[in-house]
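Two complexes follow with chain A in common, the first pairing it with chain B and the second with chain C.
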Partner chain A sequence: MNTIEVNNISKTFGSQKALDEVSFEVKPGEIFGLLGPNGAGKTTCIRIVLDIFKPDSGSVKLFGNGMSEGKKDQIGYLPEERGLYQDINLEECLNYLASLKGLSSSESHRRIKEYLIRFNLDEHKKKKVKELSKGMQQKAQLITTLVHDPKLVIIDEPFSALDPVNTQMVKDILREQRDLGKTIVMCTHQMHQVEELCDRLVLINQGKSVLYGALSEVQKAYAGHAIHMRTEDQFPASLPGMKEFRRLENHSHYQVDLDLEISPQDFLKTLVAANININQFEIATPTLDEIFIQVVTESGMKYE
Partner chain B sequence: MKKTIIVLKNELITTIKRKSFILTLLLLPLIGLIITLVIGNRDQSSGITSIISKLTASEEENLSIGLMDETKTITEIPDELKDRIKFYSNQEAANLELDSGVIKAFYFIPGDYVQKGEIVVYRPDFNPLSAGDDNYVIERLINSALLSENPEIMNLVNTFPKFKTELLTPEPQRDPEHQLTFFLPYIVTLLFYIVILGSSSMMLNSITNEKSNRVIEILLTSITPMQLLSGKIVALGLVGLLQTIVWSGTGLFILRLSGRSFALPQEFQLPASILVWGIIFFILGFILYASLMAGVGALVSNIKEASQATTILVIPMVIPLVLLAPVIENPNGVLAVILSLFPFTSPVSMMTRLSAGNVPFWQLLLAILLLLFSAYWIVRSVSSFFRAQYLLFGKEFKIKYFINAMSGKL
Partner chain C sequence: MSKTWLVIKHEYWKHVKKKRFILAILSLPFFILLMVAIGFLSVIFQYNDSPIGFVDRSSILDNPIEYQVEAPIGLMKPIEFIRYTDESEAESALHDNNIQAFYVIDKNFIETREIKVIAIKAPDSSVNGEFYTFLKLNVLKDLPEEISSRLMEGASFEVKSTGEQKSANEDNVFVFILPFLVGFLFIMAVNISAGYLLQSVVEEKENRTMEIMVTSLSPNQLMTAKVIGNLSVGLTQLVVWIIFGIIGIFSIFRLFPDLQSTKIDLSFLLLTIMVFIPAFVMIAAMMAALGATTTETREAQQIAGIFTIPMVLPYWFMQVLMEKPNSPLSIFFSLFPFTAPVSLPMRAAFSTIPAWQVVITVSLLISFAIAALWFAGKAFRLGMLRYGKKLTIKEIFTQRP
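Right, the complex of A and B next:
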């Protein structure tokens, strides 16, 4: 049973088509990337999955069927526009939001205390939320997302406005949640973050799904016929099977485009035969950023 | 249901804990206390009130008034008025002293007073209010002089008749001649206006607040808009009831404490039924206005927009206040009946009528029915657009847009 099944959902706001026949599945226990440029329809898609909006057409299944009151308690959501009550103290704010997720008062107090200590917020718990720094509010928001121990965690732009230390902390938490068997949907336009964390992804652009599958397959599909290699030796100007080569970021790192007839395996043999000392040899996979730009520009759409 | 109760509890606690709420809750009775003390003890020359009356007294009051009586009926001036009235036998002397400010007014009773009933008053300037006081003194003086041979009649003329009212209605009534009977409709009307408006505005604030600090999206992933709306309506309704109880309770208490000139409490008894009606009209009025405010809250994008919208919504609430005097004067007149039946004015106006006099039972029922129907209609229309789509975005407030939303044409 898939955690999320999205079937051909479409949604129009006024004259603007926000989503057009989008479908994807999220499998239990994976980190799934919902990607796309700003304004692509990611947040609308998430809101439909969460039953905040109803789709004009198509359907969404969560844990096998439609949304129910009980399922809301199984989901942790970190919206892109973070929101906490500003005028009450942090502890009250967190406790109220946790109780709405079905936690009993004593249970929510206990768990929130643990999280506050873990996130170094314990000494600030009596402060009004608006007196906290942006980073602290982010962490508080994360507590709201995770405190009820949800089976499904949906995070919209998890790393926006986070400094490197907190970014790392969020990544660690996401991995930890996955290791606990949680399903995680990460909604972002920061591709390099996805590469590091995601198992599978869907790419949405202008409301349409343009790319969908496992990260490794997507990268394979977009991989050119090329290798990356490192060597301290002088690189020969021509080699059998080599179309062209160029230096990458430092002088010993090369990308080599190969003739279609030759396999990377055979090219490695050629290099060895040419007596070149190889420090590193790998098949070049394009970064998601590159794929993203390629897909978006190929489909004739502008990348905002 | 469980989550509705959580929303309710949270709304109730955060509202009641708010400093501004506690302050208004306590401040209003305090103001009431001060006012009652001032009015209640005006005659007693002690404490705060005597200071206040000293401040308001003008120099002029210490001056006496001049009197010349051509009819020669006033032969002597009673001792208690000797300081206030100076007798003259010729007009020129009096006019001179009036000019030089020795006296503040000069009363001339012509010889044909008994036939014509005219007294001429000379004053340096026009001051209708204090003049009334002096006129009254002269009136009493001449009356007692004319009736000096008939002291019984004079006594009757000089004192107000005592009206003893026998009411034919079955309910226990407050004393119709009591001072409070006069104030009561004003107090009740204001109380209802403040409480209904206050608690329904809290609704608007609460929703726009959740909108502007973006908590609404988190809330919507935990609860439905309906759970949110109903939790808030009940919570703020209870807050309103609490205010009503505290205010009317402390109000009564203050009156009891201050009661030297108001001899209380036995004479001051509201018929028990007014409390029941009050609760019914408060609840219905609150539901009507609070859901309207919730509707506005769902549509607007920020507090500023919201306050503009409120100005329009408040107009029907203000009408009963503007027309308060004619309604109190004639609590069963056409105007009063219309205002107390029209659902947007009835919660306030009906309470005015109930506290000013008796209202036919069928009118009470009709008002409640009309209010019930409109409240139901408003709750239904508001809930039709109290949805995520509007809660998350919000627009500039336009009355046309609001009317469209209310009639389901969004």
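Right, the complex of A and C next:
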């Protein structure tokens, strides 16, 4: 049984088509990326999955069938619009929201205490939420997403407004949650952030699904016959099997397109034979950003 | 514990625990007490309890019947009347401050009705009145007892509308005061609760917590809980005020024992409750809908004022409602859901309202309340995730969430 099944959902707001026949499945225990640029329809899609909006057409199944009140306790949702009750103290706010996810008072107090210590928020628990910094509020929000030990975690723009340290912390938590067997849906436009985390993904642009599948397969499908390499040496203008080369960001980093008949392995031999000192050599896999631009250009859509 | 209950509890304590709430709850009784105190003080400062003198040239007061003046407030001593045989004697008493004024009754008072008042500062009209009562008592003393006392007490007017059983006695002050008081309390309670509710819905938007809430419980549960939670806050405030009111009434009974004969009609109270509850829900739901369609607390509060106007409208037409409780305007006011909560009790105090009218009023209110709840639910689902963009009425009727 899939955790989420989205079948051909469409949604229009006024004259604007927010989603057009989008379908995808999320399998239990995976980290799934719901990707796309700003305004692509990701948040609308999540809101339909969570039954906040109704689709104009199409259907959604959660844990095998429609949404119900009981299932809400098994879902942890971190909305893009972060929000906590600003006027009450942190501990009270977290306990209230946890109780609404079905936790008993004693259980929620126990778990929230653990999380507050883990997230270094324990000394701030008596402060009003509005007195906390943005980063602290972000962490507090993450507590409300995870405290009831949900089977499905849906996170919208998990890394927005996070510094590198907290970004790393969130990534670690997501991996840890996956290791605990949770299903995670990450919804973001920062595609480079999720490349290392996602198992499978769907890419949405202008309300349409443009790419869907396992990350490795997607990358394989879009990989050209090329390598990336770093060397301090002068790069020769021509080498056997090399179609062309270009410098990437800095001087010593090159991308080399190969002739179809030569394998990367043989090209490495050629480089060694040419006495070039290699600092790094890898088969070029396109980044999600690159794949996205390629897909969008191919399908003739504008990248907004 | 049900989630609805959790939200009710949260909404309730959020307000009740605040200092602002306790201040608000105490401010009204304090204000009333202050007004009463100022009233008493002004009486005390205006009332001069030093004796008054009189010089009687008409011989009416030769063997006077004693008349005991009642002091307006128990703490003060009643005014005494002192007889002087001639004006110079009285005048020197006046200059010695033994009396505040003296009255000279003309020799032919019965024909001329002339009384001269001599004083350094003109006495209060109530002092003149007391002296006149004393004089009247003695003018009438030769008439038979029943006649003189009837003339002294005056008539008791009973207001009665044609063909009705019910009547209001002018002596029964409560019949007049109660509908006002009840209507006033209702408007206060509605405004307070609705204000809290409005704030609570808009706050959910301002805090961006709506998505978290509706992924924890259903929008209907959330809305119901908010309505009940915030109405309870208003009711708490009302109950506290009523308790203060009862204490106040008992103290008034102590001060003015005459009022103790007043009874409050049970059917009147029942009618009031039947009208108030659906009206309460109706207005609360409308406030919630308003909260869901607007984006800022201040803007919402300005619009909320519009709901208050039809509610207080009957006060402006009070005279019609009291004097012609069965005129078309009065009937319209008591049927129209916004004016009914204040008008119906007012009419009921002065007339017997036909059962069919009561049935129509209450059913109209209930249907309006249900419609308002539906409207609020719809507006809430559509408007909850709109930040900074208002929802139009057309959208509420035509759009799907």
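The definition used in the following text is that the second predicted complex is superposed on the first by the 262 of 304 C-alpha atoms of A that agree within 3 Å, B and C clash if a C-alpha of one lies under 4 Å from a C-alpha of the other, contacts with A are read in each partner's own complex, and residues count from 1 in each chain.
The definition used in the following text is that contacts are C-beta pairs under 8 Å (C-beta built on N, C-alpha and C of every residue); 3 or more make two chains touch, one makes a residue touch a chain.
All of these numbers come straight from a predicted model, not from anything done at the bench.
Engineer: After the match on chain A, would you call chain B and chain C a fit or a clash?
Structural biologist: Clash - chain B and chain C, as placed by superposing on chain A, overlap.
Engineer: Can A:Arg82 be said to touch chain B (first), chain C (second), both, or neither?
Structural biologist: both
Engineer: So which positions on chain A get touched by both chain B and chain C?
Structural biologist: Touching chain B in the first complex and chain C in the second, residues 47, 50, 52-53, 69, 72-73, 75, 77, 79, 81-88, 96-97, 99-101, 144 of chain A appear in both lists.
Engineer: Show me the residue ranges of chain B that touch chain A in the complex, using the header's touch definition.
Structural biologist: Listed in rising order, the residues of chain B that touch chain A are 3, 6-7, 10, 14, 209-210, 213-223, 388-389, 392.
Engineer: Using the touch definition up top, name the residues of chain A that touch chain B in the complex.
Structural biologist: Residue list for chain A touching chain B: 13, 47, 50, 52-53, 69, 72-73, 75, 77, 79, 81-88, 92, 96-97, 99-101, 144.
Engineer: Considering only the defined contacts, which chain A positions touch chain C in the complex?
Structural biologist: Of all residues in chain A, those touching chain C are 47, 50, 52-54, 56, 69, 72-73, 75, 77, 79, 81-88, 96-97, 99-102, 144.
Engineer: Taking the complex as given, what residues does chain C use to touch chain A?
Structural biologist: Spelled out, the residues of chain C in touch with chain A are 1, 3, 6-7, 10, 14, 203, 207-218, 221, 385, 387, 400-401.
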